[in-house]
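What follows is a group of structures, each given as structure tokens.
Note that chain A is present in both complexes that follow, paired respectively with chain B and with chain C.
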Partner chain A sequence: MDVQTKVIEIVANVCMTDVSNVTLESTIGDFPEWDSMGHLAILQQVEESLEINFDPEEMMDLEDVNDIVKAAEAKI
Partner chain B sequence: MIIEQIIYKHAVETPEKTAVIVGAETVSYAKLWTKICQAASYFEKQDLAEGSRIILSANKEIKFLYSYFGAHMAGLVCVPIDSDTNIVRFQRIMDCSDPVMIVGSLKNRGDYQVIDFDEVTSEISSERKFPSEEEIADLLFTTGTTGLPKGIGLSFKNQWVAANQINIFVGNTADDIELLALPISHSFGLGRIRCVLQKGGTLVFVPGFASMKKFFGELERCKCTGFGMVPASWAYISKMSGDRIGQFSSQLKYIEIGSAAMPIIEKERLMSLLPNTRISMHYGLTEASRSTFISFHDNKNKLNTVGRSSPGVVVKIFDEYGQIIENGIEGEICVKGDHVCSCYWGQSKEDFAKDFYMDYFRTGDYGTIDEDGFISLKSRIKELINVGGKKVSPIEVEEVLNKLEGIKESACIGVYDPVYGEVVKAFVVGTLTPDDNERIKKSMMSLMESHKVPVYIEHILEIPKTHNGKIQRLLLQNM
Partner chain C sequence: MAFLTIPNVKIIGVSAAVPKQKKQVNKLECFAEGEAEKTIELTGVRESRLAPEGWVSSDYCMEAAEHLIEKLGWEKDSIDALIYISVSRDYIEPNTATVIQGKMNLPTTCYTIDVPMACSGYCYGLSVVGSLLSHGYMKRALMLVGDTPSKIMSPLDKTLWPIHGDAGTATALEYDPQANPMYFNLMSDGKQMNAIIAHASGVREPITNEDLNMVKYDEGIIRNRTHVTMDGMGVFAFTMSQVPKSIGVLIENFKIDVNNIDFLLLHQANHYIDEKIRKKLKFPEEKTPYCLETFGNTSSATIPMTMVTKIREQLKNGSNKILMSGFGAGLSWAAVYIETNSIEVLPLIEI
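And then the complex of A and B:
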């Protein structure tokens, strides 16, 4: 499974929505569940499933699906 | 005096002063007051009886403020709720408050008619009359110990006094510009609105803490001098942005932190990053907002306490017979002051009186007071789980768990989490195994808010109970 598909699947799972509702532009606040707690859950699950670690300095810039995909891809 | 009167006063004396900033929109005190009056006129034209309840979805949009204060001016009682309130809780709030109108945008509205905030405006029709101090302004629904929402009645006086006490301790002035990222469907966030408006300061709304870019962006753009947060917010800010908050040390005059467990090491870290900021932490509950306060920098050797009585508040420790006990001995924390709520909605005066020892409100929390008046929390009778500042009744979660196939009974507790403070852990009895845990969580996700879904599930043979059948949650904590 590629990084983009995996990230979208994680976002859909945390936000309790279908993967078809999640796009690369989906961002914090687009779904009620994507609040601070949801955002942390998304980042933690991405880190765990792709076996990577985001630094605090870069985490602040991860706001939408595209940001997360790009940052994750750069670490693999 | 009531909050609406002071907003009117600011509108007259400093009409051009900015009251609220939401993104690109800036609202002066003069405009805020006009919009409040227009909303009040709309409600008056609906011919609603004084004291009727209206439910408002408490989103951080400026139109919420117009409807909220406008409804007060029209003699209505506001019931602010989160726009994501689940349908079961929403129905219970409907049943209890019996509202005449629902305004805003709700995710789960059932078949009820909901009026958009945009509709709540009308030509100003009459001379405004302010409600009296003793009238009920708001019903705030909290998570009761039984899992049923409980409507706490706060009068205009309760709210005014609480705001005044907080402002005295925190030191707010008219020059303050506050970044409001807290939810405003709860006592803390709504209270911050009243505190800032009481002083004639400026509020800057952001949706929440989730977007650190927006949080720091608005902090910088609007030159904010303070904000409120809960310990879980700090854990999030810290994880997502490292030490960045320290860059604002000369700008941030104050931070108010809500009551929840916060490790001393985190308090000290915040102090070292913001050496000149007045960092205050309160202890309180919706019924008795901010009953105690501690200023971290001023009380470095008392950081393990929740501070001393707030200005104008008396806190005493009572024994089980309703007698005040001496310093150092553990008992129930009880609070006296004009900020204490006026009623539980739908409850008789006699039943409400049972929540008091003399004129001291019983918080349901246990603790001690030391010789300097500092209060230490020992345990909470109410057993609510505090997930990132959101209160979760274990009973509400257990009710849902017990309806799942394969679960005979369950019991939930809060367990420590480095980010959220606490998360839910469920103990279940039945025919399921750990292999079913993900399925259980998925089923729960569709039935309740995600923060209420157990993070940990343990399968045990029997739930420990007293001989009266009451779950022994303390035993579960040690399992």
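And then the complex of A and C:
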């Protein structure tokens, strides 16, 4: 499974929506569940499933799906 | 930068008191189905303690203090200062430290003052008490640090209520010319005052009948204007950007050898965020104890609660070099380095 597909799957799972509703442009606040806690849950699950570790400073720039995909791909 | 070096002061004892009643995160009514489990997984908080009606932060601090001074054998007349650090004050007027001084029958010669800080409170408190004792005119001080978030947060707000817990602690400090210095890096950013705030809670916005109306802001977020509210994303960004940096600056400025540090004691609001800070500092897991799984975020009390519940034996038996970091409402954050030597640490008191 590629990184983009995995990230979208995680976002959909945390936001309790179908993967078809999640795009690369989906961002914090687009779904009721994607609040600050939801954001942390997404980042945590991406880290665990891809066995990567986001740097604290870097995490502040991860605002939408595309940001997360790019940051994750750079670590694999 | 507010760097401080405080010589001639040492911690000689710590104690903590909590309510017996537990608050189980997976049984709270503010969550929709499945949300509790996700919150537990992310924050690491499974349960915390809940003060009954009529019991407040100062009561738990006072219990902790009474037990501690008895164990230390301190005569009450020998206590020169009592500092109460909390946002859970008994009254706007008078200050709570003086109320406690009266209840504990401490002498009228005792210096009493409140420091209304939240999660950075323990670190800021050490700078205040240390400064008072360092000159040697005052010899003994009690630093009471605690909070009862259950009194100022909405039980129907899933963003704050589940992860917070009630506790009160007491730390005994003495003037000692042989003590190793304490080092501080203290920071504030009042431009972000709205990040964590109870709007109608003081004289700026006096409480009106309207402020008491419970308003639904989102699913699982119902509160009134006297309750604490938090901008989660703002606090997350602040923590990630400032806290590891402030600890690093403390280490660099005072040339602290991190390899010799025995414990890193972080304020605990969220296990995932704390682990981010620890990993950024490349600090070993076994030297970074947490107590938030069973006590939650007890605001200013998380650091002394960790000392009492997680590293009591190590603190009682031998010397320890400790880094601490507190961060939260204000916004306010502080990093501290202290050394302890066989201090008295009482078992947790449950009331």
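Simple rule for what comes next: the second predicted complex is superposed on the first by the 76 of 76 C-alpha atoms of A that agree within 3 Å, B and C clash if a C-alpha of one lies under 4 Å from a C-alpha of the other, contacts with A are read in each partner's own complex, and residues count from 1 in each chain.
Rule of thumb we're sticking to: a contact is a pair of C-beta atoms (placed from the backbone, for glycine too) under 8 Å apart; a residue touches a chain by one contact, two chains touch by 3 or more.
Just so you know, these numbers come straight off a predicted model, no measurement behind them.
Chemist: A:Trp34 contacts which: chain B (first), chain C (second), both, neither?
Modeler: A:Trp34: touches chain B, not chain C.
Chemist: Considering only the touch criterion stated at the top, classify A:Ala74 as touching first (chain B), second (chain C), both, or neither.
Modeler: Once the two structures are laid over each other on A, A:Ala74 reaches no partner at all.
Chemist: Under the stated touch criterion, which partner chain does A:Val19 make contact with: chain B (first), chain C (second), both, or neither?
Modeler: It touches nothing on chain B or chain C.
Chemist: Looking at A:Glu57 after the superposition, I want to know if it touches chain B, chain C, both of them or none. Which is it: first, second, both, neither?
Modeler: After superposing on A, A:Glu57 lies in contact with both chain B and chain C.
Chemist: Please identify the positions on chain A that touch both chain B and chain C, taking each partner from its own complex.
Modeler: Of chain A, residues 14, 16, 28, 32, 35-37, 39-40, 56-57, 59-60 contact chain B in one complex and chain C in the other.
Chemist: Once bound in the complex, which stretches of chain B touch chain A?
Modeler: These residues of chain B touch chain A: 83-84, 107, 207-213, 216, 232-233, 236, 238-242, 244, 387-388, 419-420, 445-446, 450-451.
Chemist: Residue numbers of chain A touching chain B in their complex, please.
Modeler: Where chain A meets chain B, its residues are 14, 16, 28-29, 32-40, 56-57, 59-61, 63.
Chemist: What does chain A use to touch chain C in their complex?
Modeler: Contact set of chain A toward chain C: 14, 16, 28, 32, 35-37, 39-41, 44, 53-57, 59-60.
Chemist: Please name which positions on chain C make contact with chain A in the complex.
Modeler: Chain C reaches chain A through residues 34, 38-39, 41-43, 159, 218-219, 231-233, 235-237, 240-241, 244, 270, 272-273, 276-277, 279-280.
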